[in-house]
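Consider the two complexes below, in which chain A is the common component and chain B and chain C are the respective partners.
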Partner chain A sequence: MSEEEAYEFVMNTLRKEAIVPLDHEEIDIVRSIEKCMNCGSCINLCPVVAAVGMDTFSGPRSIAIELSRSTPEFWTSANMIFLCTGCGTCRENCPHDVDIPMIVNLLRWVIYKQRPELIPKQLLEVQNRLEKHSLAFEPWEDIEDKNESRDVRIEQLGIPFVKDRKGVKAEVLFYPGCQAEERAQEVREAAKYILVRLEVDYCLLSEMSCCGLPARLSGAKELARDLEKKLISKIKETGAKKIVTTCAGCTSSLSEIIENSGVNVKVYHIIEYLMEEVDEAKLKLLFERGRGTSESTITIHDPCHLIRHTSRMIMYYASIILRMIPGVSIKPSSAFDSCCGGGGMVGYHSPHVASRVTEVNVKAIERTGAERVVTPCPLCTTQLENELFRSNVVVDVDDFTVFIAQQIARGER
Partner chain B sequence: MDLEPDVLVIGGGMAGLVAGTVAAQDGLDVLLIRRGQGSTAMSSGAIDICGYMRGATVHFESPIEAIQTITRVHPLHPYSIIAYDEGGIVPEKSIKYIKDATNWLKKQLARSIAAIEGDLSRNLMQLTQIGTTKPTCFVQGSMVHPGLYDNDSRPLFVGIRGHSDFNAAITANTFLQYRMDIDMAPRIVLNEMIDLSPHGRHHNIASIEIARFLDTEEGLEKITSILKNEVKRTGATHVVLPAVLGIERAIDNAKHLSKETQATVFETLAFPPSVPGLRLQMALDRIFQASGGTLILGHKAVSGVFKGETLVEVKASGPKRKISIRPKAAVLATGKFISEGLLGSQKGVREPLFGLVTVTGEFYDASEEYPRRHTRPIPFTNRGHDIFQFGVPVDENLRPVDYNGRAKAENLFAAGAIIAGYDFSSEKSGLGVALTTGYVAGEKVIRNIRSDI
Partner chain C sequence: MFDVVVIGGGSTGTAVARDCAMRGLKTLLIERDDIASATVGTCAGMISSGLKYMDEPEIVDLCSQEVVYFNKIARHIIMKNPILTPIFGMSDLSSGGNFAEEYSKRAAKRQVPPVLFLTPEDSLKIEPMLNPDLIASLYFEEYFINPFRLCILQAQDASVHGAEIRTYCEVVDIRLSNNEVKSVVFYDRVSGKKEEVSTRIIVNATGPWAERIAGLAGTNVELRLNKGAHVILDRRVVNVGVIAKAVDGRMIYLFPHESTVLLGTTAIDTWEDPDTLVTSHDEIEYLLKSMEWVVPSIRKARIIRTMEGVRPLIAEWKIPEGEVTRGYKIIDHSDEGVSGLLSFTGGKLVMCRRMAEDVTDVICKKLDIQATCETHIRPLPGNDSDIDVVSLAKEYKVSQHVVERMRTRRGTKTRDVLELVRDHPEWRTTICVCEPVIEAEIRYSIRNEYPRTINDLRRRLRVGTGPCQGTNCTYKIAAILSEELNLGIAETLIEMTRFLSERWKGKRPPFRGDLLAQEELVQAIYSCVGNLDREAIHEPNPWEEGL
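On to the complex of A and B.
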């Protein structure tokens, strides 16, 4: 038997036994669960357990000590494993760094390999779209319609339009992510406007392409890797040394894939960029010019992908920046850092679970009495907006980038 | 961005949060980083000061008595170290510190979700979730059970269907046996199972779910009417519940239920993951933040830079970012093995962050001690496990010392379970040592920065 034949033979046996071999990186993830000491600190804090109970979602401890342990029949956990929002609360609070969100991705992938019919069909649809368009959303059929929707949105928000900078080389690449590219276009426009006002040498990708996070979260590892590769080569083409994003998921996901790819590019959420790369006086001046035009009391929602997958420092910066704006006062919400429910693709296939998770936020936001919620992620913005509306709570929701752009635009007029 | 706070606290259990709050209340700019929950959140939420002398089978009647003994017998116990004065140990100094620290904490926690009751003049014999008792000093308002041990008490143990952490029948039975052993059993002990499903089902219910449910009006109404009936039916004087009375409202709920049922309704001490432990942790977090401290979760301190005898920088990493912190002074409150303030392996026991000297309970070098040799095969014995006494040796200012007994850095202090020389488990002194050393470290840091020491 040749080496290849032997390999095929082994692989066939594994397939028959429904055993899915892991690579080195994945074995490291599995190793992290060996450190679980079964203390249960995580179940006390998991927002999904809080929302639907341990019987429906057995929770992070069970993922660590039961669902992910040595059975080939991992698919039996499909009813639970797709309910995790990947918020990372368990990992952040775990005394031993057990990496539950990564284990969840891994299990989803194993289930995808073993019993693809158990993957919620909404996730398969997302995967199809990603395969077809390299985008998480169906692209607009008519570009005119897309532009019109964009213009209406930014007009309402009072954000001036600035032209796209594509196909040029620049120091900074602005990467809006699928949501801001196809749906929440105002976020993309707001970021461009801010960068222009700050005289940043920036460009956009000639053609937007997804970072692969939705694929990874829905169990399609191979697809995620293809998308990552594609994006990395596009990033290299721009010659950018810095990438600025406006989406929480993109920030953590890009940080991860850039780090793994070894490309020498630094990833920033726009908050970090404003804090670390922009002269504070310059930013303050732009805010000052709009002084007196608006007063507002806001509350802040912390996106999981920023605080628990990237760094809590980012939201610390966000509050520093927001405090620079004259007329803005911040009211802390008791659920500021509780998952919005929209993560981990849960909103796609189990919206009732996502809504239950968001309920906690809705109540806490209402209690603050603030006029608006500001959150630096278009996905959280949408999830919160929908749930506040459904619950008849009259509080505006603004993406952070949009909110900042509006303040700057006020000074321009 | 580099951060330059006055004080950096590493670790956010009882010790770190107390040190940080004390410093922040004095007007210092305090940054606290924490990588996860430690044993404070896992504890029963009752604050032990000192229950036993290690090896003894009879408990101390009062923590004051305990401190007087310990400071005389164990000169390197943290309670003794804080009592050094002009070269000798002055027990009254230790008692004064513990008094100040506990009074301070009581005041801070008053009206919080973990308000405590108790005083240093006596140990409470608190009922546990399996029906045994344990000496502790301060309990949360929802746990007090006056009169439980009276001869004419008529306790009703109430379990919740589907909640596997608490079996009312077994707990009641154990309680009865223990009381009979000392000839002080009540005439009657009752138990009952009730339905209280927060999500409509009667299986796989976690304590935290019930607690969340009881924070709602609906939950409270439901349990009130059930318990009212049960007490009426049985004539119970006490209702013994698992520790599930609420996260935000446990104390009010206990009061409300006691009033409505005319019996004393209370929570037992619980195992991890206990709801009262979480309440204590949350309350301490809030106090720290209210005092103006900055809490950065999810960041692990990974290394330090020392210049001469000064700690100048601490590097920390979050999930995908690294930060550098340059404080004027720092408090190391990273706990013991559970929170990985200490790491044990076949090679020995080390302090992973600064590579500080580690010692055994006898103050021998622990860097090459094989942890397993310092444990006993029986989990619970009055002799405890020597491994629990391992830790970092400190000077009388709570500064970790090197092999020569000199402070590793003039601006680095230690507090809590990382300190060597005591066994929280056999002494029942865990949160008490963490609180007291945290309080003292807070004061030392203030003096260090205001340039006295």
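On to the complex of A and C.
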């Protein structure tokens, strides 16, 4: 038997025995759980466990001490592991920093290799779209329809249209993410408008391409890597030194892949960009121009991908920026940093579970008496909006970027 | 009057009881403790092709044949482990080549490939934890059986065929009449009473205790006792098994085993009491140091415990301990003037069925009975067909992982356990969260598999064997056990401390670094949750006070 045949033979046996050979990095992920001392703090704080109970989702401790011990058995977790919203509350509260969200992604990937038929079909659909279009959402068939939808949205919100800047070199690359690109277009437009008003030298990718997060979260590791590579080369083409994004998920995902790639580019959520790179006086001035045009009582929802996967500083910045706006008063919500329920792709295949997780947010938001919720994440925005509506709670939800753009626009009129 | 009394409930004893019962002999199995409570429970479970004993070809042949039989009669408790033997230099290569040749001769029969050679790159893709300096690796496959389940199933199958199984009965005397065995006297540890049963034949299958039992009849057995120790890691930190040369040139291994990894094993002459043996610091360091060359990160892995046992090797002297034959012998004590007593020396897990067949042939000849052995044809309970874990989990609303773990213990009998949750939906509760095991299986086991203690349940179900070593489940299991067996509060409390002290025996030797900090927390849990620091509640067992 030749060396190649021998290797093929061995790999075939491994497949039959459900042994998916983990690489060095993955074994290190599995081994990071050796520090788990089974204390159970994570179960008490897991929002999915709180919402649906341990019979439906056995929780982070079970992932650590039970489900991730033996690779050939990883597939058995398929009916649990896809319900993790990836919020990272467990990791944040773990006395030993066991990285459960990483382990969840690893389990999902192994299941993808062992028993792909056990993966929720909605996730396979997302993967298909990603493979086909490099986007997590089906692109619009007709560009005219897309533009029309965009125009309706920004007109309702009172955000002026500014033209896309594509195919040019600029210091800043604005990366809207799949959702703002294809669905929540108002977020993309709002960000462009803000950047233009602040006279930032920015550009867009000539063709939007996903950061790979949805692929990674649904277990398609190789696909995620392909998307990362593709995006990195596109970013290099623009020559940008800074990337600004409006999506919480993209912020954490881009930070990670840029760091791993060694490219010398800094990733900012637009909140960070406004705080760190823009002259405060300039921003205040834009806000002041709109003084008296509007009064608003808001509450803030913290996206997990910012506070737990990137940095809690970002939401501290967000509150500073929001306080600069005349006429805005902020009512704290008791569930300010509680997962919205839509993360980890759960919203795609188990919306009933996602809704149950959102309930605690809905109740807390209602109790604040605020007129609107502001959150810097298009996914949280959609999830909260849907669930508030379903619960007949009359509170508007605004993406942070849109909310800021509206204030600047009011001053311009 | 029994035809046969088998003393010892290990792999050999239960196999003998099964064979005798299947051939229609009136059989009694007496075990001092629990089924599989000693030697067999400390092995790696490899039903080895005899790879360590390539210079004893007849043993390799026998082992290979037995593997084929086990795969027929017990495939639900067997798994295949792919194994890599990395090669670092020319000397490794030449010894590896000889081994490859012997191994490959019998590979097809066992339905495994001949030894394959892999490039360093391919080896590292399969097992990235290997030392990257390797120049090649040998690949081969071995089968592993759950040794506890094997013994339980053999005992249960013996019962099905009419044998009587008595655990917690310690043989205290063998009575003779006219130089022939007449009866066995044993002390029932549960009732505290002595009993006497008459029998025509006695099989002494007590492994390292064979000398002691033979002594009761005034006869002799000589053994060369050999200690073996394992270090158990808390999860699978390697993709496949790894075999390596130890500091002294012998072979040691790192095998994925259930949800853990076993690092083993030592093989040293011992004159210690097999009842009180513990793994020494030297053994742990010998294993870690030896494996470190091949899997450099091994020392950083979390150890959950050690386990140790004694091999009752055939008494060959004045040769190195590693070179003693791994074959077995049946000693007929009529040569010493006592007829009706047969003792085993030597043997390995993989040979247990064959050893039973041989001794039962001798018994049948002595008793003038015509019956052929069928233990290699008739399956053990649960081996009938494959089961669909996903649909069973759905049907009974039990987690897939729980059902899969159950399947590896019970095969088609999994459904019998799950049936219990129809009347008792609350028995879906996970009791041992590491392994995991639900209440229904614990109740089922107590009712059908004659455990007396939490430790017995541990052997049957793996409860308390995970990373927390019973910290979280001991209390819950004790509550269930006390309800099922009608234990009083004091008895239950004692049972809990007994189980925890048994766990302590294996946890104590490897303590180092982070393990100490983790144990601090565990001790705090015992005292804060279980109030186990409150009073000295240990009372000696009835048999510990002297008979």
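Here are a few things to note about the model shown:
Throughout what follows, the second predicted complex is superposed on the first by the 406 of 413 C-alpha atoms of A that agree within 3 Å, B and C clash if a C-alpha of one lies under 4 Å from a C-alpha of the other, contacts with A are read in each partner's own complex, and residues count from 1 in each chain.
The rule we apply is simple: a residue touches a chain if its C-beta (ideal position, glycine included) is under 8 Å from a C-beta of that chain, and two chains touch if they have at least 3 such contacts.
The model shown is predicted, which means the values in this text are computed figures rather than measured ones.
When both complexes are overlaid on chain A, the residue A:Met324 reaches neither chain B nor chain C.
Of the two partner chains placed around the shared chain by superposition, chain C is the only one that A:Thr76 touches, whereas chain B remains out of contact. Within the superposed three-chain model, A:Asp55 lies in touch with chain B and with chain C [touch as defined at top].
Of the two partner chains, neither chain B nor chain C is touched by A:Leu198. By the document's definition of touching, neither partner reaches A:Val162: not chain B, not chain C. In the overlay built on the shared chain, the residue A:Arg31 is in contact with chain C alone; chain B does not reach it. Applying the stated contact rule after C-alpha superposition, one finds that A:Ala364 touches neither chain B nor chain C.
Touch criterion not met for A:Val393: it reaches neither chain B nor chain C.
In the superposition on chain A, A:Ile19 contacts chain C only, with no contact to chain B. On chain A, the patch touched by chain B and the patch touched by chain C overlap at residues 37, 39, 55, 58. Only residues 37, 39-41, 43-45, 49-50, 52-56, 58-59, 88, 92-97, 252, 255-256, 259, 275-276, 307-314, 316-317 of chain A touch chain B when the two sit together in their complex. Chain B meets chain A in the complex at residues 1, 35-38, 41-42, 162, 198-199, 201, 203-206, 208-209, 212, 272-273, 275, 278, 294, 296-299, 318-321, 323, 338-340. Interface residues of chain C facing chain A in the complex, by the touch rule stated above, are 79-80, 82, 113, 116-119, 122, 125-129, 139, 141, 234-240, 256, 258-260, 300-302, 389-390, 393, 397, 399-401, 403-405, 428, 430, 433-436, 466-468, 471-472, 514, 518, 521. Put simply, chain A touches chain C in their complex at residues 1, 3, 6-7, 9-11, 13-14, 17, 19-24, 27, 30-31, 33-39, 55, 58, 61-62, 65-71, 73, 76-80, 118.
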